[in-house]
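Going in written order, the chains are labelled A, B, C and D, and every chain counts its residues from 1.
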């Protein structure tokens, strides 16, 4: 049971790390889509099929496509490739911070006296999930709906904007 | 309550009504105001005669009517009026003389444009004088007394556009006011000691034996018995009003007023008010005679002042060149006689002399008025002369008045009243000095009256005005004739053979004295009168001066004395030098104190305030503010430093969050994780 | 009448008038003035109404209104009226409209002038009626502010300095007053005059103050005394008065001399005397000398003045010093055996009469000087006029009556007050009365000099040219005052009837130390 | 190591990688993606605890995971819109240069 988990984890983590370090933007975005798929697989392993499919649908489908669009829209910034010297020190700091956070979290996880539950896989049917959503969490469902529409409209307004002013003047 | 006592208050009220009506009539209402004034005086005269008749029924009784004026504390202030022979006689005298003078003024003031105002003030004066006469309460007497002073102020300053008249009015009011202050203090002391100011109030009036008794027993105030001190204070008021020695300076200047005013006020009535007051409160003033312990008796002072004034007035009168000034000083001298008579203890002689003097002095003043009126206001006797021929009635009446004043024996009233005064002086136990002063006075009086007669009526007319002076109309000469008859007739009321007046006034039957008993003194006075007339005739009658600037025989004989007397013994200059300067000094001191001492203190405080203010702001600036500013600077520096953290680098923020998270997590894990 | 809150109306109607004036900017000058006059007359009407139902026999406070205001401090909104207050409210009711009429020709900013004037009048009435220190002091201070502006904005050439000195001096004084009363409140916890005077009478106030220890009791007495001495003004503290009264416009100086100076004497009678009988008795002799200084030197200083308004101002100092002289004489005699109560009653009723009569005569005199000033284009030196009596006989007559009333001529109202004061003071402290006579002589001297220099003699100076006689407005102001002078001169019972029981009770049991 | 601890370790590491990416890269889009990773790590945690939580536990973990995904989507949309707006002004999307909002 655990070995499947470990393999999944390692795969996902690997793709994520590589995506983050690639020079070429397109490659990293595509690799990232693989990461999302890995996470969806983890959900499946955990037994939460609905979440897995939601993950697949949203992240792999929508978000990566949106990112791709964004990358294409901002294509001609060629100079991104040559990493300026500052990036070198920036990477070191970032790695240090990341490592520190990882270390702390792993220490916390290992030390925490978490009760290990029995190996039973609690299953939740989509009907149950729907009842939950429409029952106890109806208010939050509505809130999320509103959030999504507002975000959508806001994104359109921001991105569309008016005719491009001269570069350099304040927005 | 006999009817006349009931209506006695009308006697002053009628002229007062006339005065108020006169005040309201416009300048044009000449006939109306004169008519009302004369009618009021006639009414007052009629009521006075009725009152006299009622009073003479029982001469010793003091019929009194008191009423409550306003309530004060537990008691009340009461006023009242009094009917007794003295007040009735005075009422008759004042209203009769007043009436005659009002009629005289019709002619004398006819061309003056303030005619209505003149009669208004004259009625006011008459009302006030009658108020003094009938008052039973010293407070009512004081009120009328001051109103008499006001009327004299208004009438002296009647021609107020003349600066001399305005100054004379002020001088008169101020001088009499000084005397009145003494009277006020006397009243207040009396009020405080006895609790009432009523003269006669059924037993506890001020002049009644009971109250006088406990007054006498009071502790000596500053070495003087209380009644003596009070009497002296009251005498101050009387001296002020009657022009006695220290306070006589205003009377000669008061001649600036129109002649009827001089006649009524400064001859007959007002100046007599002082004598009347002393006669009225005579029981109080003479009470201290009985006090053995009293070192100084009030009446001695009165007699002394009276004698001095008599001599002084007569002496100065001999050297005056102004017709009215001579008569003014003569009045001062005669008032001295009255005070002398009071001083020596015989108030009846004083009142008798007052009554006769009122008539012949009013007569002399009106005659002088007639002369001045005819000679177009020429008053200097050196420029008059020869009027005997052209103004026969005035000359005749003036001669009657002169002889009455000089005391020509037997026929004229002046002789009898002066003889009564001298007789009383001779019987005075304390000293014979007043008698000698009186006798010298008799000579001087006869001398200056003859001088006056000769200068004005005999010899050539010495100026154009004197030349074409003509006799005046009837309205002026008729009062002269009536007064002349009075000057003669009145004498017979009080002759030693038939002392009607004394019995009427005192209420006790008086045994007639035979002529012989006092004969020596009478003979002496007749000789002295003759001597005076002779000297006068010798110097002025034999060869009357021919021109206005001819040298006066008296000044030829004794130029320095004549000059000194002519300048009124330089008393005015003396007063100006002493009191006048003291006054201005006091004013300067007060003003100096205000500007520099108190003003300076306030200024110093203001300066102190400013100084502390500046010190305060200095300390503020350098001390507090500086400290405060540097502190705020430091805070601003720190602020700027922190703001550097807001660099805009989003990733910087994230990094900081991450580091912070790590630190916190470590704390939780290593620290209180349990 | 008890249902209608009469006293509150008395105090607040003038202020309501001021409010109305403030809200009507568009009002025409004439309507504005008539409105202001109406509100000012309200005090007189209400005072007469209260006079109607005033119980003359009782000596206590009447028409009392007492509502809790600040319970924590024990402060009540407490108004009451007895003989003394009624007298002074009547005086205010008479003089305030006269003052307004006197400034009828005020061109500059008439609305603001009338507004301030009504404020001043309301505050003055408040001072006379309030019986609790708290709002009494509010009225006391509030009367200064409008007075300052009235002098400053409409005064003569040196108005700003005069107004400044006037207000700072008076506020300085009342600062001490406030401190004194703070100490009293700390010591006794009571602020109500009635309670305090009861405590003063039976000595508990003195005991409580003594409990403060050290020189506190004297300091408190001095503080309260200084507050009133500056206001009256007592002699050494009077240097602000001639300047302030001379520079103030005619109407205002009439009000100042008629009413504001009476507040000081009211304070002495109502507060200082009942509360501090002991210290006043102890300090009586020096105080007598101060009052005599005011009376005598005040009059002599007046002789020296060339500015007529300053001369009349000094005469106010002189007259008010007589009131204080009488009060200090009573204080000096406190505790002596019974017979002095007759003299004390005379002195006190003389003081009250003098207060009222001086208000009338000084008000009339200031108005006459104002008329002289108006006709001579602002000049008011004694040498600037001559022979005015020939030019304007009616005006001369009225001014003469006012002058003789101020001089204390019998038959007019001035004499009764002065005679009673002399009668009382002689009974209590004879030497003081003798010295005070100097003051009487000096008053007569400088007033007659004024009369002679301005009215007598040939027409000269401002009177030589066209010199209008009294106009209808002048008559409207002066005739009532002159009529009252004659009426009160002949019938003082009209006034003494009001306060006689009161002063008899004061005199009979003079607050013993 | 119990499976729960493993899951948590996995999500922690995923979170660390996302954080490092966000901090290291200067390109805005990659920073956004790093954030996405961190959010996904959160959802993983939810599901992990749901999976290994007490029996018959209600499905709140799942519901929250769904909501988390929805919110992440909205967040990415807005983030990209911002990037494009910034790009329009700056002509490049380097995050360190977009620092006008500073003290």
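Remarks
We adopt the following convention: a contact is a pair of C-beta atoms (placed from the backbone, for glycine too) under 8 Å apart; a residue touches a chain by one contact, two chains touch by 3 or more.
Everything quoted here is computed from the prediction, not taken from an experiment.
The interface holding more C-beta pairs in contact, when B-C is weighed against B-D, is B-C.
One finds 32 Å separating the Cα centroids of chain B and chain C.
Computed centre separation for the pair chain B/chain D is 120 angstrom, with centres defined by C-alpha atoms. Note on chain placement: the centre of chain A and the centre of chain C lie 93 Å apart, centres being C-alpha means. Separation between the centroids of chain A and chain D, computed from CA atoms only, is 5 Å.
Of all residues in chain C, none touches 2 or more other chains. Across the assembly, chain A contributes 90, 93-94, 97-98, 101, 105 as residues in contact with two or more other chains. Of all residues in chain D, those touching 2 or more other chains are 19, 22-23, 26, 96, 100, listed in ascending order.
Pairs of chains meeting the touch criterion: A-B, A-D, B-C, B-D. Considering their complex, residues 69-75, 139, 142-144, 146-147, 150, 157, 160-163, 165-167, 169-170, 173-174, 177-178, 181, 184-185, 188-189, 191-192, 195, 583-584, 586-591, 593-594, 598-599, 601-602 of chain B touch chain C. Residues of chain B touching chain A in their complex: 651, 655, 658-659, 661-662, 665-666, 669, 673. By the touch criterion given at the top, residues 19, 22-23, 26, 31, 95-96, 98-103 of chain D touch chain B in their complex.
In the complex of the two chains, the chain D residues touching chain A come out as 1-10, 12-27, 29-30, 32-34, 36-37, 40, 43-44, 47-48, 50-60, 62-63, 65-67, 69-78, 80-85, 87-94, 96, 100. Chain C makes touch with chain B in their complex at residues 165, 169, 236-240, 242, 296-301, 303-305, 341-343, 345-346, 349, 387, 389-390, 404, 409-411, 415-416, 419-420, 422-423, 426-427, 430, 433-434, 437, 440-442, 444-445, 448-449, 451-452, 455-459, 491-493, 496-497, 500, 503-504, 507-508.
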